[in-house]
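Each of the two complexes below includes subunit A, the first together with subunit B, the second together with subunit C.
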Partner chain A sequence: MMRRTKQQRMPTRRRLIDASLSLLDRQVLDIDDVPVQVVTDIELSEVALDHPIPVGSPAPTVTALLSGPVLATRIFGGRPPTHRLHRIDWAHVAEIGIALSLSVRGSSLDVTWVERWLSGHVVGRIPGGHDDPE
Partner chain B sequence: MILSDLLHRPVLDDSGDTLGVASDARFAVTDDDSGRPAEVRLVGLIVSRRHSGSFAGYERTGVDAPWPIARFLRWRHRGSFLVRWEDIAEVSRDSVRLRSGFVRHPSSLASDDDGA
Partner chain C sequence: MKKLLGLALGVLTAIGGFLDIGDLVTNAVVGSRFGLTLGWVVIVGVVGICLFAQMSGRVAAVSGRATFEIIRERLGPRAGIANLAASFLINLMTLTAEVGGVALALQLASSIEPWLWMPVAAFAVWLVVWRVKFSIMENVTGLLGLTLIVFAVSLFLLKPDWMQLATQFLQPATVPADAAPQASSTYWYYAIALFGAAMTPYEVFFFSSGAVEEKWSIKDLGQSRLNVLIGFPLGGILSLAIAGCAAVVLLPRQIDVTALSQVVLPVAEAGGKLALAFVLVGIVAATFGAALETTLSSGYTLAQFFGWSWGKFRKPAQAARFHIAMIVCLLIGLGVLATGVDPVAVTEFSVVFSAIALPLTYLPILLVANDPQYMGRYVNGRVTNAFGMLYLVIILVASLAAIPLMIITGAGA
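Our next item is the complex of A and B:
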């Protein structure tokens, strides 16, 4: 299936999406179409848990994409500790499509620090580790 | 708050009776002039009476093939409805409670481009 290009996009509009269908478990690509992460959860603007929501309160908005280890919590319930979740600010999201496209390079994001650390400290020290993949 | 704090939670009416499970969350995406999704605001929760599993894409009314799967998933999620954010009274760690007089809206996505 072809990705919709910026030239093919509709002008300013509103549309409805369901999180499970269009956001969760979607691949995130950076501005160079390099895979960055998979969306495992979504951060919403603050709503106080265990407190009544005043009538007329604005609905929360998406503030960030989250990625982290969720396999165990999806099977057994609960949620991973907040410090295990990496976030990508929603301001960096350029397009919602088959994948979520970002307007920045993945190397500038905290979510890729493990990959960058391994590249510099492990893979880069292996003979040939600096060569471009063929 | 993260989305996991809402999904798969029992949804209760104002008297504490269980109506179902929050199986999905519906958002309204507003694009800016450049086509970037500038704001994604929660519209409400999809409440499924029996199952919290995915609709697998068949929440879109235009998707009906292969028909055995479409019919099975629509049967599996029969009775599902959308409850809007305005009708949510409280989100707690183990449930979502609705206001009295909440309205059940159709849960299907009429099309991918519907306005909110």
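Our next item is the complex of A and C:
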């Protein structure tokens, strides 16, 4: 996992994108345009550390959008244990614009568990929690 | 016809919604100490908030992204979280001041102790945020806030020496040459307070998020521009009327404004009980409306920064973290008020801190309003950018000068 990777090639669109500019800190929306998270970090396919990279080896690709306690580590350095990260598989990303759109529902993703828990246990239990404002 | 009604409604709401506890208190304080000599700051502030609100509204309508999503995107995690912390705390301070203001106004109307009104006010704010539709919330508080026009009416009823008021207004900075050097820094300290009261950051968070809530598109831009460009300056005239009333009644008698009762004193003198009733309705509506806006803004800033689902157009259960954040903020505000701090003092500090924090929100909006990836062909025009740069300088100077002036003057004492 690298913190900042410049110019990942998007195979679908053949468009050059600066990952730190156009992916990091962008809002992620699900298929119904419901906000899911902000891209706190991205996961890249494995690159062997501390070894010279042989000429002609394939460039690393983005494999997932990450969230979890990554905001703190991006600010203060270090990296959180892998099991505490929430991943959204790159295959779910449908479109990259001023926000990233997913091809799945946000409620089906691990990353929204806090929202679901609070919704089920707190907000949903207050009278009117499931009604549209009038 | 329907369009015209919509426009009228928008303008009226903008006038009524312009004033909050910060404007009420600061304008009365300034009027009672400096007359209308600081009136020019209200004009600078009103032009600034027109520019700022119009720009953030346009960004939200074109790109669908509200202010704090943009701040996060543009500033990254480090500067972004520092910005969030500052903006959020100042918003919380304003929220506390507004809820306290509702309680003080209800105390004037009922002579029931304000600490008994505070939980009632906070609960009412939550109830509206929880259940009432965005457009109804905005229109009702805005229209009731229009009763504050009674300040302008009172100014006429007081039959002031108009020439004297005009001279004060047109000859700013009339600090007597023999005055202590302290006097001039106090003048400038209150200039910054007045500027902060007119250009409060929460107004921008609320305005841009409101554009998303009401699903503005590009074709609504014309209407929103008119609302702002007509409504806010008329609201600014009400600000001047408050300062004018204080200048006519309080300044000659050297009455210092330390409580809400002194803010409404000139109105009571001019128009008796009826005018007092109007002004109390207006103050309750204005502070209650602003309490709603700041409460929502606290939810908006957090949700947008962390990418949570937000908005009053969703059922609360579909924006759970957003609603929890607002409940917690209201409870914190209530807790601060329960310590017995004077809401008027909180207000006086909150407007100065607003001025200090202003560049943090202003700069990212100015940058994005010029970014064609977000804005397409709706990027800032040349005139807007010229004003935008001018205000960037003004905002930076005010922000940098605020803390030294606060120390030199002992917070305007």
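Keep in mind that, in the parts below, the second predicted complex is superposed on the first by the 116 of 134 C-alpha atoms of A that agree within 3 Å, B and C clash if a C-alpha of one lies under 4 Å from a C-alpha of the other, contacts with A are read in each partner's own complex, and residues count from 1 in each chain.
The rule is simple: contacts are C-beta pairs under 8 Å (C-beta built on N, C-alpha and C of every residue); 3 or more make two chains touch, one makes a residue touch a chain.
Given the structure is predicted, the values throughout are model-derived calculations rather than measurements.
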item: Subunit C versus subunit B on the shared subunit A, clash or fit after superposition; value: fit
item: Partner chain(s) touched by A:115 [first = subunit B, second = subunit C, both, neither]; value: second
item: Partner chain in contact with A:36 - subunit B first, subunit C second, else both or neither; value: second
item: In the superposition, subunit B vs subunit C on subunit A residues touched; value: B
item: Which superposed partner A:124 touches (first subunit B, second subunit C, both, neither); value: second
item: Distance of closest approach, subunit C and subunit B, by C-alpha atoms in Å; value: 7
item: Contact residues common to both interfaces of subunit A (with subunit B and with subunit C); value: 24
item: Subunit B partner contacts - residues on subunit A that touch it in the complex; value: 6, 9-21, 23-24, 41-47, 49-53, 55-56, 58-62, 66, 73, 79, 85, 90, 93-96, 103
item: Sites on subunit B touched by subunit A in the complex; value: 1-5, 7, 23-37, 39-43, 46, 54-55, 57, 59-60, 85-86, 88-93, 99, 109, 112-116
item: Subunit C-touching residues of subunit A, taken from the complex the two chains share; value: 24-28, 34-38, 40, 67, 71, 74-75, 98-99, 106, 114-116, 118-119, 122-124, 126, 128-134
item: For the subunit C and subunit A complex, residues of the former touching the latter; value: 63-65, 69, 72-73, 76-78, 80-81, 130-134, 136, 303, 305-310, 312-313, 315-318, 320-321, 323-324, 373-374
